[in-house]
Amino acid sequence: MQPCVQAKDPGYEKRVRDSFGQQQAMRLIGATLGHLGPGTARIDLPFRSDLTQQDGFLHAGIVSTIADSAGGYAGLSLMPADSRVLTTEFKLHLLAPARGERFTATGTVVKAGRTLTICELRVVATDGGKDTLVAYGTQTLMCIPGPA
Amino acid sequence: MQPCVQAKDPGYEKRVRDSFGQQQAMRLIGATLGHLGPGTARIDLPFRSDLTQQDGFLHAGIVSTIADSAGGYAGLSLMPADSRVLTTEFKLHLLAPARGERFTATGTVVKAGRTLTICELRVVATDGGKDTLVAYGTQTLMCIPGPA
Amino acid sequence: MQPCVQAKDPGYEKRVRDSFGQQQAMRLIGATLGHLGPGTARIDLPFRSDLTQQDGFLHAGIVSTIADSAGGYAGLSLMPADSRVLTTEFKLHLLAPARGERFTATGTVVKAGRTLTICELRVVATDGGKDTLVAYGTQTLMCIPGPA
Amino acid sequence: MQPCVQAKDPGYEKRVRDSFGQQQAMRLIGATLGHLGPGTARIDLPFRSDLTQQDGFLHAGIVSTIADSAGGYAGLSLMPADSRVLTTEFKLHLLAPARGERFTATGTVVKAGRTLTICELRVVATDGGKDTLVAYGTQTLMCIPGPA
């Protein structure tokens, strides 16, 4: 699963970080955009008790929120300068309870096509220094040419 | 897609509503549990600008959050009294931009097995009195016997 | 899940049936194209012991083969005359052992977009006059403009 | 994506190969079981024109058939001696036309649980000495204790 190494848009990093900055849902939950490379993106989320489900673990929907955005920005990094990205579908396996003090979602491009891009999604929980893969899946993105 | 009509636990409604009340993520985003029947559950979410992605629509992850919980509670309604529910995986198609003043997620049990339950997930956006199906997918739930 | 009622191409039925006739895999397994309407298609498959997995039931891959084609032709029925269809992804839940004397796969269009079409897939097994839903899922199709 | 290195059943290879030998669908399409290790399995399929879809490429359902079995046997290799395996769901992205003189499906266990096992599925086409990833996805398997 090597990320494609060449970005068409040399200014992709600013473009992706600007888009992330406009995602108000990320601010609400306290997520930040970490490492970004051509075809890969990482989102970090510290645990907060207001993000939990009934057993006190991170809600699967919040896990999905950071996974979906990590994949979306991995894909956007490889798209032409004047384009936008939409998730058309994703599937996520929840492998273990999302228990930990922080969570890291990584999106990695598996195939970057002209119209559709396929990503792998992974979310790791860090709990007392121990990392556990808590979510794993795949995503389809669509490249929308032209400005918003 | 008829919901299974018989709940094993006559007290399922209280059990489901108590569990929903413990989902702090639902409170954070402002979601409420609406209609509940054996094998079906509905979650309502008014639009808020702090739940959006970069284009001002509801973030796909927030759409997923209400869809996942609606399916989970549809499934839990049919499970034995002393059991818990876990999502093991779900897939969601994002059919149209999640634009609207409110959103309704519906989970419907397609097959309730002893260990695994399969649900259909739908999210409808209401925009100026017009309803649009914005998300559609399927989910696998696992029944965990015994108390938490 | 109402199929879209209007086909853009009034000659869609001949076009779909011609395409099905070119699927040699369908001939190999003995599947035939049944009812076809705008946004819906049905494929019938009688049981044969050479289509089985290790327990003597229809192999999940064969179940997928008829489900995928049923969805593909449901989608193609709504596409413009001079276009082709590709499956970009599908997900299938295998709800029960595929045991029976015949199997019916139905594809139904949920959303027909200009580029992408989303379908619901269902496979029913008929065993001694009793019908059981054995597979259920969703699919993304892509419309490729122009001749092959 | 390292396969889990320890098989519970030291005789897993014979058990998996015996099960594969009973899959009549594999014989019909001409697939053989290649490399097998704890948590990983490979299935090889030479191209045959009677396995094609309307454009002459390998049918997506046949691609799914070898992918599903590769994942199933990757999972079974890690299960206890006296158990069986069922696919409960899988999702497959079809990344490129399945064109080539032979196809290799690889299943790799991502998480082996007591009841559920999650696998990654990959299918590579070899065409004139060049390898292309043509399908990629994930799968949920269920371990059924006890003999058939």
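General remarks:
For clarity, chains are labelled A, B, C and D in written order, and residue numbers in each chain start from 1.
Note that contacts are C-beta pairs under 8 Å (C-beta built on N, C-alpha and C of every residue); 3 or more make two chains touch, one makes a residue touch a chain.
Quick caveat, the model's predicted, so the values are computed rather than measured.
Averaging C-alpha coordinates per chain and comparing to chain A, the farthest chain turns out to be C. Of the two chain pairs considered here, A-C and A-D, the higher C-beta contact count falls to A-D. Separating the centre of chain C from that of chain D, both taken as means of CA atoms, is a distance of 22 Å.
Centre-to-centre spacing of chain A and chain D amounts to 28 Å, using the average Cα coordinate of each chain. Distance from the chain A centre to the chain C centre is 32 Å, each centre being the mean of its Cα atoms.
Counting partner chains per residue, chain B shows two or more touched chains at residues 88-89, 91, 93, 118, 137-138, 140. Contact residues on chain B toward chain D in their complex (touch as defined above): 88-89, 91, 115-116, 118, 138, 140, 142. Those residues of chain C whose C-beta lies close enough to touch chain D in the complex are 19-20, 22-25, 27-29, 49-55, 59-62, 64-69, 84, 86-94, 137, 148. Chain C contributes residues 1, 91, 93, 95-96, 110-111, 118, 133, 136-138, 140 to its touches with chain B in the complex.
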